[in-house]
Amino acid sequence: MCNSNIYMPYPMRVEKVTNEAPGVKTFRLNFINAEDAQQFTFKAGQFGEYSVFGTGESTFCIASSPTREGYIECTFRQSGKVTSALTNCEEGDTIGFRGPYGNIFPLDEWKGKNLLFIAGGIALPPMRCVIWNALDRRSDFKDVTIIYGARSVNDLVYKHELEEWKNRDDVKLVVTVDPGGETPDWKGEVGFVPSVVEKTAPVAANTIAIVCGPPVMIKYTFPVLEKLGFTDDTIYTTLENRMKCGFGKCGRCNVGKVYVCKDGPVFTYKQLKELPDEY
Amino acid sequence: MQTENYTITDSNLQQLLQALLSSGQKVVAPVRANNKVLFKEIKSASEVCSDHVQTTLSAKHLAFPRTEVLLQYKKTGKEVTINDFPFDAVPQTFLWGSRPCDAGGFAPLDGIFNWDSKDAIYNKRREQLTIISFSCTRHDDACFCTSMGGGPGNTAGSDMLITPAGNGTNIAEIITDKGKALFENYTSLFEEAMGADKEQYLTKIDKVFDTAEIKAKVEAFFESKVWKEQSARCMGCGACAYVCPACACFDIQDDKHGSKGSRLRCWDSCGFQLFTLHTSGHNPRETQARRWRQRVMHKFSYMPDRINVVGCSGCGRCSRACPADMNLAEHLEVIMKMEAEKI
Amino acid sequence: MARIGVFICHCGENIGGTVDCNKVAKSAESFDGVVFSTDYKYMCSDPGQTLIKQAIAEHKLTGVVVGACSPRMHEPTFRKTCSEAGVNGYMCEMANLREHCSWVHEKGEATTNKATDLVRMLVGKVKNNKPLSPIKVPVSKTALVIGGGIAGIQTSLDIANAGHKVVLIEKQPSIGGHMSQLSETFPTLDCSQCILTPRMVEVAQHPNIELITYAELESLDGFIGNFKARIRKKAKSIDEKLCTGCGMCTTKCPTKKIPGEFNEKLGNRTAIYVPFPQAVPNKPVIDKNNCTYYQKGKCRICEKFCPTQAIRFDQPDEIVERSIGAVVVATGFEVKGTDFFPEYGYGKYADVITGLQFERLASASGPTLGEIRRPSDGKIPEKIVFLACAGSRDPAKGIKYCSKICCMYTAKHAMLYKHKVHHGDAYVFYMDIRAAGKMYDEFTRRAIEEDEVKYIRGRVSRIYEKNGKLIVKGADTLLGAMPVEVEADMVVLATASVAHNDAADLAQKLHVSYDENNFFVEAHPKLKPVETNTAGIFLAGACQSPRDIPETVAMASGAASKILGLFSQNELTREPVVAVVNRAAPPLFSTCAGCFMCQSVCPYQAIEKEEIKNRAGETIKTVAKVNPGLCQGCGTCVAFCRSKSIDIQGFSNEQMVEEVFALLNND
Amino acid sequence: MKRLHQIVSELLASGKAKLVIGYEKGTGEKRRPAFISDANEVERLVFDSQCSHNLSVYLTKPEYKHVTEIAVFATPQTMRAVVRLAGENQFQDKKLSFIVMDQDQNALLIEGAEVLANHLGKEKIALSSAQEELLAKFEAMSREERFAYWKEQLSNCVKCYACRAACPMCYCTRCTVEVNQPQWISVPSSLQGNFEYHIMRAMHMAGRCVDCGSCEAACPLGLPLNIITRRMIKDIEASLGPDIVSMDTKSVLNTFQPNDKENFIR
Amino acid sequence: MENNIKVVAFVCNWCTYAGADLTGTSRIKYSSDVKIVRFPCTGRIDFMLLMKAFAEGADGIIVSGCHPNDCHYTSGNFHARRRWIVFKSVLETFGIDTRRIQFSWVSAAEGAKWAEIVNTTVERIKELGPYTEYRELAGVEAP
């Protein structure tokens, strides 16, 4: 009976801290033990349990792409006990990371298709992982469109990467801010994400849509996509539920018999429709 | 392995217990303390209580303690040293005097703690545990083990099952390798089986429904208002989950003193409002009705579906412990009798 | 972003003497969250503060802990330094390594370890501090001055002349206080009436000063800039608008034998009286305890003779309310009576009088029109003995302090007596001559050398009467404690100056602390003499401790300047240390359970009910809300709240718990 | 029982009550809370001496917070709890009516918490003989014995919070035990955490506990929780004056007398 | 007589903290085993903080503030006194050693009294020894 304690986190060094927006930070984490770095692999869409020793663990996605070796990144907003402690961490500190958990974005199935990424607010991090993963094997996919919206210009995360995507000719980037959130020199769109999606009207044929954002945005974006011709098995999203263990034992993240931490967090719209309304 | 039957006299049984105690092993047995019977570590055979139907708390704490240290850490400057769970410090433990439904409760726990990823800590404690159960010669109106595929003399989960057979003798069934190992250490205390049918010595609990029927019914009435009606009087405490031998839900909390501390696992209950509350304030299971439905669905529908084991051994502890008398058997009977709902 | 800088101050030798500051700084480097730690000789000096600013810039600090003196002393200084360097002032905390550590423990490892613990405690706290910005509160630019003596008069005039409104209230019927009772004042012997009366008139006629005499403070609520003062105008039984001050009533009033307070009971007054001729307002008041109408229901003679029918027997006490921005307490002092001294006759001997009574005898408007005459038989005394330190500097009598002004006015009394009765003998029994002011010592030398006042260094043990003479038994310590006996015609006791007997009640009404002698306690003896610990309440004059007229006037102007500083801005910035009831996203809105038991805990009634409504306007929940303007940050509601829904900025639950954890976990 | 059902049916028919919280027969001899909103279920209701649950605990539950017209079966304990809860503004927009058993056991309808307040008897809720005896034994214990006693008792507490759920005065939307910034009470059940939790629970009952004993009745481990609050109330009455159940929000810990008596502050 | 003991003092900023400052300015020596935690008022001192202090290693606690009627916030110390009366009774019910908690009123002018309270309390705690009995409760494994 191998005694590998599944609750044991990898000790991670906080390599770089970037302030994305007020209260939102991105950590680049390196494995302190070299052997952990070798045998650790993950796929786009998976998440992990990040912990500050003595404070607790918190669940959020791995924001960096699996194609970038040797480090992982995560982005979080200061909201509770653990995220506040994480916010107080400095470069060089040691935090814990457990994972990877959950299922993945099936990139291989999407080969040869168009990709439409729709993200709202703090939900860009799980998308960024799969966007960079797709862009690092850009030839596998037809055209790639990214629609990203946030409450105000100041709340946009990954500002320099948005620039990078904008300057690439093989990516169509549409960035919007909620009405009232724009600054005088704002050149992007102004409007809520669902209306901007309707305006840019991406073509639905042979296209996979990946949508992540706050529940209200999801609620209004899915009908728009259906109107544009997307079928419910070509729309992917991630589901956020309260989690503690990350591998189906602590008993709290289930929606009906589906365990978000094991069967998710990536679901198709079709799967979502089959779930009981308990999420 | 095939269960082998032997007989053991009452006095030899006491000797077996005394032998275990004197061998310095940790022995846990039912002990009566201010009108409650609880599983406690015993030092002498006289402490064991046997005139009870069932203990208040189950025996799950021997494998899944109410609070345990998953790992410890020490911070020095920016470095953190983590020391793993002390696997080899888990003592060998003998559970003496548990009921078949206590032993039956370990199957759902094993199922959850080994669903895909193996919980090595739980498994180590289970591995170190030997369960010597006693069949039931009495029951009360909360018991419904027969409806859950168990029974007063069921052997599932026990390493050795003792059934009192009157005039000073007991039928001893050796069920698992651990039971065999124990038997081999003390063969002198056992005699040949009398071959008597053990059913006659057991209490009779009539079977009211079975798990397949219940699974179908609860799934059919997922959207029904029966959950609201039944949970009207539930006050949202954790008593049913904490006394239940089959409830495995837990919480992970850190505890620190200065630069040292530990990561703890402790029992949690789906009855609490905080169990699924998001930081944003949204709660998928906002009302007590949804939480009660989750408790029933998880035991009788989701677990059978995902790890094909029923999350209940019919011990009735939750009904006895509930301050608002939420009798699980009674509730399930109500659902069994429900026909198509005119919503 | 916990990047904390630790700065340990040697404070010269004050801390460095017993605490190894370098070792404390070194061990602070290893604390969790500390990125920079150093020590310096004088952290509060300019180079010290520049050191902090540079460190903040260089290490991009987000929090600062200064291990130095008491935060009550330099917390504002270091918080200002930090805010100038870009770190919010409230991210800076002070560890008290001086008063609570170096000064009170022996040099040694234990003391240094304690200092390290104190610094670690505050580092634990700072990690949980949040940047706060001061609260803006409107200021009502009206000052309330309590007490119409020279202190109250000076403060009122300074504030009023700067263009702000003043409400001056005085307990007696007229302003003027003790100074108006004096004959001449040292050291220049100019007559007090001549220098005081013009100021009193100026007060009465000043458009910005509302003078309310015969009135006391009923209650004071609110806080700096927003006080609500309720003033009880005791009934004068006179309609002040009709009364022309002609004085007809005072001459006609039949009860003439009431010992007058103004003349320290040496002269008499009528029931309806004007305290003294130059009284401001020069309008009479009816003394209800002695007026025959009030006592027996008959007489009303004054009403008959009043030309303008201004007498109002049924006039009730009146409570008036004023909104006040700042308060100056100028209630002055009292002198002990002769009855306080059993060894000097318990007040039985008429010719043993207090210094203030001698002032009335010497005063031209006094009962003897300036002639020094014995109260017993009116004869001019041939020999007077003056006793300095009567009651003062005498712990046995419960008055440990020196009353400061008695040496000077005793010399003055002796000089006045010699000027009026050239052939008279004046003896002064003294312990030390305390004449430290400008021209003060020259004044006492003049009394001794020119006016031949005989100064005997020694105490008087007993005074008793023997056939018409007062035998004063004392000793002369300069002649080897030789007993001295003087047969005097009159004895003047320079009795101790003490606080008014109702000073403690006034202090409690104002929530101002007072010391064991019931004098009001200043915020800091050296750095904040005119302020109290209660923001917005200032002190002027002898109510803080005995002082002479020059110092009183200076202190009065000091208090006035503080208020003018306060009134110079329209809004007052207040410490953001206030309680806040938490708010959360819907559907919770707040964890407050709406029991509102905290409302009766709050001494400032700062907790209100807030109805949270949905878009349709229906009330979803009623939860508590703290009015930051009224909340003074005591935190009693925070510790009371059972659901931990209220927290206080600056001393939040998390800060205090982490502070205790950091203090006790020093592994 | 006839009169009882008649009152309940009238209440439901007249709309004075949209929900009736009463008692019904439970497993074996037990009685348990019953929630009736339509007339033909009225027969289930019983109200006899075995009914001991304090039903006022449901009046502040989120599920029933928005039901305005509720009728409740009120034992003396429930009445005391309702009066104090009304004093603590928990029934802001509620129109409550109560069904009370008077001395000779026939049902009586009372409309409104205020009316109930002056219907309240002044006598205290008597302790069971076992509790009386335990309290006396407890008084005689030394400090060390008491500490050992609670160490043994609280080692059985699994922090299932049944005592908190059953107590009518514990209605906070988020309780202090659920606060994690800072973590006042440790979530896992450890002896020290259990001491802290039960001390905190007692302090939150100062001047508010109505002696209904629901906490002790609900505890699956049978911990003697009632004597904690009983002893505290006795001490409070000894030093701070009588513990009167009334609608007044002025309670022990949120008011004071300038001359409160104590003998331990130097 | 155990000598390395830890005593934490919860004091109010306006009176006892200022009194302790006065003890400092008057150079009155007292035991260095007491460390002072500053609160705006005694009304702010939460009883759970005392439990946390014992749990984290304090062997003795001093809680001190303004004399009745002297509170800068008028009634903070009155509420605190009520809280302490009830809390002391609850602690005695649970057998917590209330001799380890010293409640007192020390005004801004009573520097000497503060030193005296600290010394007598430290003396008493030294006799009682470290409060290991309470700290050992933190053993996690359920018996």
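We just call them A, B, C, D and E in the order they show up, numbering each chain from 1.
Assume a residue touches a chain if its C-beta (ideal position, glycine included) is under 8 Å from a C-beta of that chain, and two chains touch if they have at least 3 such contacts.
Not measured: the values here are computed from a predicted model.
K.L.:
Tell me the fewest steps from chain A to chain E, where a step is a jump to a chain it touches.
P.N.:
Minimal hop count between chain A and chain E: 2.
K.L.:
Give the label of the chain whose average Cα location is farthest from that of chain B.
P.N.:
C
K.L.:
Return the chain whose centre of C-alpha atoms lies at maximal distance from the corresponding centre of chain D.
P.N.:
C
K.L.:
Would you mind checking which chain's mean C-alpha position lies nearest the centre of all protein C-alpha atoms?
P.N.:
E
K.L.:
For chain A versus chain B, what separation do you get between their C-alpha means, in angstrom?
P.N.:
39
K.L.:
Once you find the CA centre of chain A and the CA centre of chain C, what distance in Å lies between them?
P.N.:
Going by mean C-alpha positions, chain A sits 65 Å from chain C.
K.L.:
Roughly how far is chain B from chain D, centre to centre by C-alpha average, rounded to an integer in Å?
P.N.:
About 32 Å, centre to centre.
K.L.:
Could you give the separation in Å between the centres of chain B and chain E, each centre being the mean of its C-alpha atoms?
P.N.:
46
K.L.:
When you check chain C against every other chain, which residues touch at least two of them?
P.N.:
As it turns out, chain C has residues touching two or more other chains at 588, 601, 640, 653, 657, 661, 665.
K.L.:
For chain E, what residues touch not just one other chain but two or more?
P.N.:
Within chain E, the residues that touch at least two other chains are 47, 52, 56-57, 69, 75, 79, 83, 140, 142-143.
K.L.:
In chain B, which residues are in touch with two or more of the other chains?
P.N.:
Only 66-67, 75, 251, 253, 255, 257, 264, 280 qualify.
K.L.:
Would you pull the chain C residues touching chain B in the complex into a rising list?
P.N.:
30, 32, 584-588, 661, 665-667
K.L.:
How about chain C: which of its residues touch chain D in the complex?
P.N.:
Answer in residue numbers: 588, 591-601, 619, 622, 640, 642-645, 653-654, 657-658.
K.L.:
For chain D, which residues count as touching chain B in their complex?
P.N.:
Against chain B, the touching part of chain D is residues 26-28, 30, 32-35, 53, 57-58, 61-63, 156, 158-162, 164-166, 178, 186-190, 214, 217-218, 220-222.
K.L.:
Would you mind writing out the residues of chain A in touch with chain B in their complex?
P.N.:
Interface residues on chain A, with respect to chain B: 1-9, 11, 51, 53-57, 79-80, 92-94, 96, 215, 240-242, 244-245, 247-257, 259, 262, 276, 278-279.
K.L.:
Going by the contact rule set out above, which residues of chain A touch chain C in the complex?
P.N.:
For chain A paired with chain C, touching residues are 87-88, 90.
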